[in-house]
Structure formats: structure tokens, C-alpha cells
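Comments concern the structure below.
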């Protein structure tokens, strides 16, 4: 194990403010001796708010992360989505974990069924697909949304967002029996602390989960399997497009 | 219904020879009065042979198809995969169908359980994920692979590939009860005719399926739902990256 | 491909008025050069409104279709149900598709999850079984019902039925996230045009879907697999009952 | 509870020899005080060997059982299939159980995962559909077939059939971990006793299971729910065909 | 078949009043010639109201039942849960059936989808897990709860409990289409008769179901498979703890 | 976060040698600053080799862990099974994770589908149930077994066990496409290092996974939800048995 454990928190979108917010959460979540650095997907979309946003993110994300020097010990992908997570795992030889994978993985030992709250109704379908792809459908009670304002206008205070999420959590408990909530979007992550004061169910903030799972994988000497799905792509990098 | 029905066959990868082969198959499959044009994703990967290839394809695919003038009546995505199919559906207001969706949809009324034969072992996991995402797992008996040579070297004759696929089909029938086979890759499509002479099970060649499903959607006045998952992305196009 | 493509629209029930309504929808949906003929299951039930209706339909349906001369190029079974669809596929050597199969198959590329609206509450369970049998459960958000009057009394105007379905569609969107609706019964098909003016989600009218899928199968030279489930029954026809 | 409990064993096919064999098994399985009578579907198919056979059986089966006088206390449908089981449940007000339902229901408390052995390869798909429809897929390890000779030729001795089934059971144990076998066809039922001497796994003979489950339902005062799927069909009987 | 069939009804908890109530129900449900005896798990928990209650019950349950002399012909485990059912099946050579298994097995031929009503909200998750473990998820529409008072205080009259369950059943029918209800706890069993007067859906009282299924297994000469999951534990009994 | 993080590794069985082996693995896996202590379930079974072993373990496990003073920061349950994991979570207010949960959770971001190798064929069914209960069935390719000698006789060297597991892993890759292996039993854990030298797929040793997941939960301030399934049992402890 390295004396210092270096984790890169990679924001799949181009919005520096989101990277900064994730970085702050990541540093609080990191163990002593872990060094967190941030990375922003400057050629990516302003936000991953659609499948188009998702695919706009993935290509520059892989390219950017593949050529980072020096490589960190692990990468946390700090967006609650897909946006080429598997492609990053193929391209890198170090452990890569998305914050969605990390949050759902850690939810399993903690609850009967978790709910995910996302940031906008149109991302419910996107998030349901994500849950299915990761194989967690049996443990996910529901995906719901609260409404956040557009990214380029004035933002709501964390306490106000937290109140909306808390109300949704109570509806989820009553309707579905969910007993844990995952914040399904980096834009919701900052309200986690306020939300915890408003609800009795555990609140999983995925950036923090991602950091802890990444640390765990490094300490265990594990990374994604290179003996199957995540093997290095067969062609030279330039064959995948300029 | 337009007097002439114009279908664009879009190859998600950058290899013109694959576009040409798909175009030939598409023209044979088209109804009288349908006009087929081809499009190659020149900024995409040489081939979609991995998740990295998939995400390398999606971003330029959307950009290229979004700005085509004049727009065709429908688009067939001529690769057996995902590579941003949902993003294309968001971006366009005309019907978009991938050849994988078309082939699996048409397989449903024709068989008990279909098998998919893909071009290389590492794409089995990729293809299984695709089947799951589309919701066809209950009807898919298995995904198997035959081995094709690299794209940049000499290619095997269709008859030789067909013989390998036919042998795999017999194994699939015996092992899994599959009673229909889908060719799971544009590179396998040209061997369909030869394969049909070697096996008793129906052989679905997905380019042809894509053309026919696209025609059907146009004639029925249908396109992907804009009332949910496939609504136009919320931000201006330039917000998704240069 | 035949110069003229001949599709038989077979109504599994004995009510000529339903055959006529389906025939009208089918002719509008057909491609130029397709010739549509109708067939009524005169020894079948007045309507397939139960499992008893379903099994009452299947036996004379097979017998009637098996002995038609000359055989058409394909058969569309114009009832939203099962009623021996597999038996017809066994008995015939031409492509056979039920309108339920066709509608669900075409829904896949168009939506996240579809809803089905049927004609009477007791058919919800029947239709859920149908969705499961066809393997579309992962893509079906819900089955709901509106109430149609008995077939032998005065019928409601299409606009009135459409208004009820539209209201149900809004509830389905809110409750389940469904973003496409399939009309789950031949009696609902005539209200499709009126319904489309009342809702933003795509409306699939299954008779039209059946015609287009049948045309596609004929053009592609495909029919149900005779190498498994749909092989010709082993005994002489008379061994299956007078 | 009636002093004497009267169970009708209804053979969905027209072959009296199968009725007689089922009747013999049923009488051995019945409790003291239960009276078993047999019924043959004389207008049905010689054997339910296909979906065509299935639908040929269902219509005369319902008609015949609906008008039996006096009605028995319960009906056991003595074929391993569907052939209109739900239609019979709709039509009758007494408990109706198919031998397939009974066998799978009783298998649940006895094993980890059961296997079904059917009589001919083409019935594997049919039987898999049946398992799915009944909701037992999670408990069914596999469906396999042994080959029986045609019904109209010389039959194999029970011991010979039993030896084939026993060999298949050993393969199933090794390949799938199945730890119980259900004989999936009335023609296999007579070999149950011989088979039990050849294998360590429990052998469920479905006619006997059907009799015991039917008795249980009568003693418990239960029948199929008339508050949903199995409500009496809405139209007069003559509306379902002559 | 034994002249007298002896069934032991084993209460997994330590509350004699529950044993007595189950015994009364079991005797009414038993066939003539069946002799019912009761057994109380005196070293078990007062009630199985949690996973802790479940695991507190299982160990003394196995020990107590394993050493009973003389052994009965079959055992019915009279609690609606798991509490080591599989361990009892391993330990005994006679048929063992839990009342939850029996009720769900008998529900299959009687309904489209059953609902389970349990006694306290916290047991909903526990009961959902049970349904999943037994493989009945495809047939279970929902698990809901009514609220019973603590066991050590005054109890509500059966009619009052029945009224609450009946109201819940109506909600279940409307919300989920459930058309049969299973009483999911021994404490609810005594209200079955009152409930039947208040609802049109069949009411399954699991103690009675357990008795009838146990009788059926004995008459059929069946018991849990000893060729797999339920084989006798490999070590001497004393190796499993004092 | 506590300056020192104290993790208890609790062996559900009574065999001190297994506790010691787990303790050694746990200490290697722990982060600097984590203090590992061991605990043996002295009133439990010699080994959890059956459902009887499982239920023999659970009751004393809860009792022993509930009364430990001072409580650690988290508990890792060091057996690859169930044995009352949920009951421990109910009883304790600190995070509790079983090594099976931890290993499967960490496998998700690392592979397409994992395989589990257990220690004896009879535990395959037990382990399949465990995978289903935890909701990981969609990600588990297969459960297989190698054969270990009885615990009370001479043990095989780690290298020899590792060779057997490696051979099984190759079969799993070929048959099922599994690309990661989890060692499904504490007795297999010591061979992990040797196995890693023999196979290209990642090897998850669950004790180590448990320690890292437990650390992560403590650092994140998380524990099992007390707002549902894992709420403290409702009765006084003594009500659950002496």
C-alpha cells in the first residue's frame, strides 16, 4: 500500500463549480493519508442532464483520464450516471469506480430497499436504466425527482433542497417501504448534511461513498477485471477517433 | 405518407467499407419507393469493438446526424450496439431505430428464444448488457461469438464465416433450445445469405430488419416518444461540448 | 417479393362489425401495393372477453385459417390477446403475427416503458399474462382499463372513449412514468385518431402495427421458426378433433 | 365437507387409454372416502402434443365440463399443460386444478429447484412457457425431454421409460443442481413407480398430486377466486360459439 | 398409508395461547382420521416479530423437533415465516411444511396474484424476503400490514381485526388487482371466518393450508428431497452447539 | 472519526482456528490506524455447513455480540452465509456487515459477472439462496464447489486448494463468462494469495472485503437503517428466549 493514497475525483461534466463542490465533499470523506485531487471534463457537457449529455461526456472523459500523468491510485467518477464508466475501466489499469456504483454497493448491507432521488423528472428513466444495468433492480424501491433550477441561474439554498428531498423521502417510505435514500446527482450532494437532520433514514451521499470504495479497492489491491468486459480496447488509441 | 420514403443508414463507425456493405444490404431490403442513403461516422472509431469504441462513436454520431440537411424520413443506426442510440433519439424529431432493436423486435413473433452470435468473445458481455437494456432478456437464449480477423488485415470469405456461425447455431440449438439466430454485428451481416443455406433456423440480418422497421414507423406516423426519456435535451446544443 | 403483397387480417371473434373496423384501419395502414382482405372467425365467440372467449376462438381460428385458398402472403391476427396465436403459427407456413406482438415489438424502440389500456377491468389480468408470455414485462409500466359498453347495446362515440383513455394516460404518466400507450383491444382501435389529438404520448394502434410488421416479415422473407416451438403439429389434422 | 368427496379426473385429450391410466393412478392416490370418476375429452385431440393440440382441447373441454350433471366436488385436469385451464376455472364454480399446477405447487416445499421431464423435445418450449405462466420459473432448474414412441404404435415398457428418465435425472442433477423431478406428461405418469426405484430424488407424479390438491381445496372450502381473473364469463354461453 | 395420520403442529414461538389457537384451527381443517397434536417452542421467543425473533426460534425448534418420540407422520410449522424451516427439513426424515409455503402453494391455482396481510408494519420487509426466498414473487401482488396490539396486553376481538383486514383487502384489490388474500401471521388466523363474511376474495388461513398440504404429502409418500439442499447435516448433532 | 477505528471480526462458528485465520487476513487488510479484534461464537456450530449449522449459529451470535463491552466501531461477520446477519443488524446500533455482502458489493464495480466458489457441493444451494436474498442474482454467473476435507482431519495445503479453485475458475470462464471469483467460505480464504498467482481474474477474499467495507461505513458515519427492516426488536431481550 502506498504511503499516501492518491484519489482523483473526476467530474464528467464541464462545470467547475460542481467539481469544486465534489472535491469539498470528497476531502471530508477521505481517510487520513488520502490525497484528493479534482479533474473537470472541460470538453464535456455543462451537465449530464440527458442521454445526449451522457454521450457528450464519455468520449472526452476517457481521453482526458487516459493521458493523465502521473496516474493516481484510483479514480472516482463523480456523476450519478453511466457516461462511459465502462469505457474508462477499459482504458485504465487502476481501479475506477463511479459514485453511483459505490453508493448502491454500500446501500446493500444497510437497508431493505433503497430509493434514489434525482434532480429532474426527465432523469428518472435514465436513472432506472442505470439501476438495471448495474444489477441493483431487486434492491431499488423507486427513483423519484425533486426539481432543481437550471444551472446557469440562481441556485436554491441547501436547506430548501433538503426540505424537498425530505418530503419526498417520507412519501417514498409510505408508498414503497424504502428505508434508505441515495442522492442521485452531484448537484444534490451538498444538501446531504441538511437532509440528515430532517429524516430518520440513512442518507447516502455518493461522492463520499465513491472515495471510500476507491480507497478500499486500492488497499485490497483490486481493480476492474481485465480478463473480460474491461480488457484494454484492442485497437491503438488513435483508431477510436481523433 | 411521402411519395418517396427516404431512410438514412448511419454507420456508427468510421469504416467506409462497412457503410458500403450495409448500404448494399439495406437497398436489397428496402421496399420499392424507398430511397436509401448511407452515412459514415468519420470522427468515430474504426469499429465499435469495446465500450471505449461505443463511447467514441456516440458523440460525433449525434453531432453529425443532428445537422444533416435535408433530414431523412427515418434513421437506421447500423451497428449492433448502443453507442448513444438514446442520445440520437433525443436529438432528432424523426424516427430512429438501431438495427439491434429492430432485429430483436422482429424476432419476438418468430421464435421461442433467439440467440445472438457476435464477432469476438469480448463483445459477449457488451451484447448481454445490450439485451438487458432493451428488455429482451426473457427471449434471448444466449450470446455467443465466432472469431473474425482484425479489420485491417485480409478478411475471411462469407462462406467460411457462415460455416462457423452455422456450427455455433447447432451448438446453441442443442444447449439452449434457441430456434432463431440474430447476427450480432455489421461485420457478420454479409454472411447471412450463405448462412441461410446451412441452417434450418431463421437468420435475422439486422440491417435489413432496421430498414423494414424504419419504413414501418414512417408509414405509421410514429417516432420515439418526446414525452419522456427521449425529449429534446434541455440545454442549447453548444452547452454539450464543442 | 411478390408484385402485390397480400395480407389477411383475421378477426378471432365472430363479430363482423369488428372485422370491418379492423379492415378499415388496416387499409389505411397498408403500404401502396399491399392488398388487405378480412376474415371473420364465424365459429368463434362474439368477443374475446375472457379466457373462455380466448379458448373458444382458437380452435375454429386454426381450422379456418389452415384451409384458406389461396393462402395470403401473411396473416395478422386482429385481436389483442393470445387465442391460439402459437397454434396458428404451427399450422401455417406463412408469417403470422398477432397485433399484440406487433404493437409491443414496435413500442420497444419508441419509449422507455409502455402502458396498455384495455376495454374492461377483468381483462387486465388476462393482458398482464399476455405481456409476460411475450417477454415484454420489463418494458410494460402497467395495464389499465377503461369501460366500454356491452357489444350488443349502443356504442359510445370514439371521441368519448378517447377522452377516457386520454385521462387514463395522464394518470399512467404520473403514476408509472409510462411514455407511450398501446390500445389493448380491437374495440379501442377506432378511437386512436381522436386520442392522438388529446395526448402528447405516442399512441400505438395495434391493427396498423400488425399490418406493417407483417409486410416487413414478407419483404424480409421471414416467418416463424419451424425448427422448434412452431414446427408443424406432428399428427394428421384430423387427429386434433373433428 | 361432504361425507363422500367426489373428484372428476378430466383427460383433456381424446385417448381413452390415457384416461384409464390416469384413473388408475388417481384411485391409488385418493384418500379413503374419495370417489374418483374419469372423463375423456372425446371431441379433443388424440394427444396434446403442440399448441395446436392445446387449443384443440380447450374448447370442447370447457363445454363438456360445464354441463356435467351432477357436478363433482372438484376437477383435476389430467394433462401436463395449459389447454384452457383458466377457461375451465372461469366456467365452473367448483375448485379446478391442473395436474401441472398441483405438481409444481407441491414441489415447492420439497426441494431447492425442480426439473421437469417431458415426452418429446418439441414440448420443451411449450412446458417452459407453462412454468413461466404459473410463476414457477425461479424454482424450475430445467425442462428436458425423453422420447416416447407415437401413441398409435407399440408402447415402451414402463421400466424402459423409467430407465431413460433416470439417466436424464442424473444429468440434470449434475448440470443444474435439480433435486426433484416432475413427470411432465400423462404418458410418463405410469413409469413413476419404476423410476422411484432408480433415483434418489423425489419423483412427483402429477395425477396423484392433482388428486391430493383437489381434495385439500374441497376440505378447506376453497375454489378459484371469482373476484378477478376467474369470474364467470360475461356473456351467455351460446355467445362463445356453437 | 397409515390407518391414522398423525400431524404435529409446531408453533415456533413460546406462546402457548398461539399454539392453542393454531391447534383449534388445525383440528377443524384436518381430514377424518387425522390426529393433530400441538408443540410449543418453549425455548423460543414469545413471538417471531423480527429477524432476531426468527433466529431465536430456529435453534430450539430444530432441537425440539429432532428428538420427539415417537415421530409424527408430518410436521406443520405454524408460523408465517422462515425461522429455520430449511434446518428442520434437513434434520427430519418426515415431510415438513411451513404454513407460509403451504398457503402460497395452494394460492397458485386459485388466483391471478395474491396479497399477504401481516400483523405489523416492520414485518412487511421480512415477509417480502420470505416471498422472494420461496420463489413466489411473480404471484404476489403486495404485502401489507394491519396493526395488532402487543401480545401481552388486551387483544382485539376477531371481528374488529377482520374489519381492518377487509378494508385493506379492498385497497389491495383497487391498487394492485390482488384477487386472493393470505393471512400472514398466526395471530391473524383466528379472524379468518369473520373475514370471509366481509370480502368476496378467497381467504387463505395458513394453518389449515399447512395441515392439508402435510396430509397430502404423507398420502403421496413424499418428503423433502434428501438428495440436495435438505440432506441430513454432515456432522454429529452435538457438533452444532450444546 | 475516531482516532483509532476498532473493528470486530466475528466468526459465526465455534472453531478457533478459523477465527485465527480470519484475524490474520483481516489484519493484513486493515488500514493503518485500524485495530482488529476477533470473536468466536463458542456456543455456535463447529462450522456452518448446512441450514442447521446456520440456525445453530445465529442465536448465540446475536446474544454474544449484543452484550460485548465496550462495543467496537463496526462488526464484520466472518462467514460466507446468512446465519442471522439481519438479526445482528437489528440488535446492534453500530454498522454490521457480513463478508458475503461486502464481497459481492465490491465485486459489482469490478466485473461483468462474478462466480462464487464454495467449499462443498451441498452448500451450492445454500449460497444460491444467499445471492438471491441479497439481490445480486443479476450479477452472479454461477456458484460452484471444490471439495475440502472434514474440519477435524488433516487439511490440504493452500497451494493444492488454490490449484483446484483455479481449475474451476477456468471452467467458469469458459462456461459462463464469469470474470471475477469470490471465495465463498472462510475455509477458502487462506488460499487467496496462492490462487492469485494462478489466475488472471480478480480474486475477492471476503474477510478483507468485510474489513474495508466496515471501515468505509464507520468513516462515512453510516450504519444499517433503523427506520425499517433493521429497527431494534420490539420486545425486551429476555422475551426472545433464555
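Order of writing sets the chain letters: A, B, C, D, E and F. Residues in each chain are counted from 1.
One rule holds in what follows: contacts are C-beta pairs under 8 Å (C-beta built on N, C-alpha and C of every residue); 3 or more make two chains touch, one makes a residue touch a chain.
What you see is a predicted model, and the numbers here were worked out from it, not measured in a lab.
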Topological distance between chain C and chain F, in contact steps: 2
Fewest hops from chain B to chain F - one hop per pair of touching chains: 1
Remotest chain, chain C as reference, centres from CA atoms: F
Shared interface numbering between chain E and chain D [over half = same, under half = different]: same
Chain whose average C-alpha position is farthest from chain E's own: B
Inter-centroid spacing, chain F versus chain A (mean Cα positions, whole Å): 27
Rounded Å distance, chain A centre to chain B centre (Cα mean): 30
Centre distance in Å when chain A and chain D are each reduced to the mean of their C-alpha atoms: 52
Overlap residues in chain D, where contacts from two or more other chains coincide: 112, 125, 177, 179, 228-229
Graph class of chain-chain contacts, one of line, ring, star, complete, other: other
Which chain pairs touch, all of them: A-B, A-C, A-E, A-F, B-C, B-D, B-F, C-D, C-E, D-E, D-F, E-F
Contacting residues of chain C [partner chain A, same complex]: 112-113, 177, 179
Touching residues on chain A, where the partner in the complex is chain C: 124-125, 128
Residues of chain E defined as touching chain D within the complex: 29, 31-33, 95-98, 101-102, 104-106, 108-112, 134-139, 173, 177, 179-180, 200-202, 204, 208-209, 212-213, 215-217, 219-220, 222-230
Residue ranges of chain C touching chain D (in the complex, touch as defined): 14, 43-47, 49-62, 84, 86-87, 89-91, 122, 125-126, 129, 132-133, 150, 228-229, 231, 233-235, 239-242
